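When the chains are written out, they are named A, B, C, D and E in that same order, and each has its own residue count from 1.
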């Protein structure tokens, strides 16, 4: 992919930080508002897509590193499954933090309430793990396919 | 009949997807057909969960006294959407690989394996 | 010839789809919703999350979500494996 | 007994089968060893006889897979030609067949009730 | 923490954790990935055997995710389960054993086989994920969870089939075709899930089974589920993906793919027997499955005879052998509503069909491994170019003979035992079916004679001077599979009595299946 015009790049520079922050907001508030790990991860991933499209696949390789993404992906997944495993004293995927008083362990007010970040047990942690996994998975997929597209284009021209 | 219009939209979605799979000759179009079926099925799931006049099943600052839509289909749809993304990404990558080696995306030519 | 047969098959398949769409229960009026009512009533007290959908995704059906994350991981590994350097 | 499989109308035991094979095989070998008197090793009798033609070299005498069962496939041409033609390798056909079968099964299930 | 309660999930979770860790380990040391994979699969194999012993002595097991106790299916007096659960009875664990054994030996075989490719860590990660998908499909008691694992298994297999797609076009083509086929089937399964959910508001197999009414919509769901699952199992006339995918995948993966398609077959049987059972018209559906079986047997074997590619030929045989399983179980289904006939020959037919699943996984796995060994040393799969390889690869030749004899149903190998059960019981149902099955068996032998002659027999060919026996880990995997085949052949009654009969009974008795979850009703 070639890089796009200066207008696009400037707007991208301006916007992508907000998109990423919005994505992380969705991830972090998954247990209170609509959204969650997947949705937020997809939003962050779209910021990467924007960067990739506006700067072109060759230039964006300088600041989007596939290795780091895949490291984060593995880390997120491992965190997720470890959270599942840590409920194993009772059952796999047991929500051992909910209503326990420790991290995210406050009991929710039953019924309609304004929302409290410190509830949900393992759910916010899992949201973060999954969010991390999804955003880096999107990053890896985008970068790999963009590089693959360069390959096929070279083939086409030769 | 008219009340079931969303289900008929689902049927049309799936039907169009199947039509694409059966009669379109381009691998990318076939991938689009799979996406169509998938969207139809997702729409079907989400349609099943709808309740007239109900709100989203979230308690944070919800308007009081209203019924909530069924939450399970939303969870299922979320799962199946992500699975769909994964499938589509893989299909497109394999199609790119085929293009790299065959130089074409026509199903009539992408058939070295036959007989 | 083959195309005609397949075309007829497609039309019949499509009509089956329409039949099942018409036979489905009325839109917007779920007849049985025991399981979902349970979720709506008890999700908050059992998991402590305000968002019922999230509590289903990560608690009641957490294993599905693990599977789904695995699918995404599988696809990523598959794509990276597909576009690897190769022997040349 | 170990190894005795009831099949509903009889039984099967691999061990009995092996014992029988050994017994019958030893009888056959015994009869074979009595042998033909006129046979002598390392004479003309050992050499292959191909209608008087000279023997081909070993490398070229290997029968490759293409030629095996040539007669079988030739005789069943009427069956094989359409069958092989059916396996087009075209993706559209793959999905068409599944829709076709779904339709047939739906009709059969629907009609039979 | 009592470990023995958690065995069902550990079987799935340990390979899954290993799959996530393999790419991380692969950054440090490529060689360690193979060892980690083998280790994880061996742990999973040991746990599967332990679970099998427990199930066959104690009874079916359930494992509820996230509940306060692993066996708490119905919390606080509900009439329906709300959480995902694993539900493992004799049939599931029978399939689980196959999966565990096959994937373990596949991994061992890969240790040498995959060395010449790059991207080894990804290969092992995908192999583990494929295994996880199969285990999940076999153990799960939740219909949506089944869909998720179906997708894991199919995406992992697509990635593995097109693993050589960087360098050659054909694997990518095969991968695309398989992806298409499995997407359609997965989406149809999801559609059926939606139909069930819309009617009963349930997602648990057992709970749906206790409610099912065989209404118009249930019929449509059944009509969608049967062909797509039969397609994933490779039944004619939806078998065309089988030779493509099997022939282009690396050999150990082909072996695991055989087990994966059998997991779909298991799902088909599970849906027909446990979900619907006698609420459906058993005779009609039984005959549908029998006709699938007949077509698969006959067309599969006749197409195999004319093949020139060794792995394509074996893939067509896989189609043909699937026909035997469908035939045996189909006869059992057709007489399901008739208790006299069921006792007289139905159960025996099903025993034959189910026993054949295990036998087929073993000998077809062995045959694909020998084909892979030939490819590993000669670099070709074309039978026309092979010849005289018995001079160079003695062990492989012996293993091939064992596998070929087993698949052709020659006594005293295991294929004969299961085929005999099928012949004798199906003969009482309908003699014609039995005769066709025998003819197919003869044709199978004929085509393996062809392979044996053109690949192994004949004079030493000059182009294969460099060929020698395959490395030790490959020989080990093939040798153990051959030993299993011989053992099954010599003592079929042990397997049938202890593993296959409970599996058949757990399929037939629907009340037992639903009772495990919903309590004695």
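Heads up, the rule we're going with is that contacts are C-beta pairs under 8 Å (C-beta built on N, C-alpha and C of every residue); 3 or more make two chains touch, one makes a residue touch a chain.
As the structure is a prediction and not an experimental result, all values here were calculated from the model.
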{"item": "Chains touching both chain A and chain C, listed by label", "value": "B, E"}
{"item": "Comparison of D-E and C-D (more C-beta pairs in contact)", "value": "D-E"}
{"item": "Relative to chain D, chain with the most remote C-alpha centre", "value": "A"}
{"item": "Geometric centre distance via CA averages, chain E-chain C, whole Å", "value": "24"}
{"item": "Distance between chain centroids, defined by C-alpha means - chain B, chain C (Å)", "value": "9"}
{"item": "Whole-Å gap between the CA centroids of chain B and chain E", "value": "28"}
{"item": "Inter-chain centre distance, chain A versus chain E - centres from mean C-alpha coordinates, in Å", "value": "36"}
{"item": "In chain D, residues with contacts to at least two other chains", "value": "84, 87, 89, 91, 93, 95-96, 99-100, 102, 106"}
{"item": "Residue list for chain B, restricted to those that touch at least two other chains", "value": "14, 18, 21-23, 27, 30, 48, 56, 58-60, 70, 72, 76, 78-79, 82-83, 86-87, 89-90, 93-94, 97, 100, 110-113, 115"}
{"item": "Multi-partner residues of chain C (each touching 2 or more other chains)", "value": "6, 10, 13, 16, 20, 24, 30, 33, 35-36, 39, 44, 50-51, 53, 57, 59, 61-76, 78-80, 82-83"}
{"item": "Touching pairs - complete list by chain label", "value": "A-B, A-C, A-E, B-C, B-D, B-E, C-D, C-E, D-E"}
{"item": "Footprint of chain A on chain E - complex, ascending", "value": "1, 6, 9, 13, 16-17, 20-21, 23-24, 27, 63-70"}
{"item": "Contacting residues of chain B [partner chain C, same complex]", "value": "1, 3-8, 10-11, 14-15, 18-19, 22-23, 47-52, 56-60, 68, 70-72, 74-76, 78-79, 82-83, 85-87, 89-90, 93-94, 97"}
{"item": "In the complex, chain C residues that touch chain E", "value": "16, 19-20, 23-25, 30, 32-36, 38-39, 59-64, 66-68, 70-71, 73-75, 77-88"}
{"item": "Parts of chain C lying in touch with chain B, wherever the complex brings them together", "value": "3, 6-7, 10, 13-14, 17-18, 20-22, 24, 26-30, 33, 35-36, 39-40, 43-44, 50-53, 56-57, 61, 64-65, 67-69, 71-72, 74-76, 78-79, 82-83"}
{"item": "Interfacial residue positions of chain D with respect to chain B in the complex", "value": "84, 87-92, 95-96, 99"}
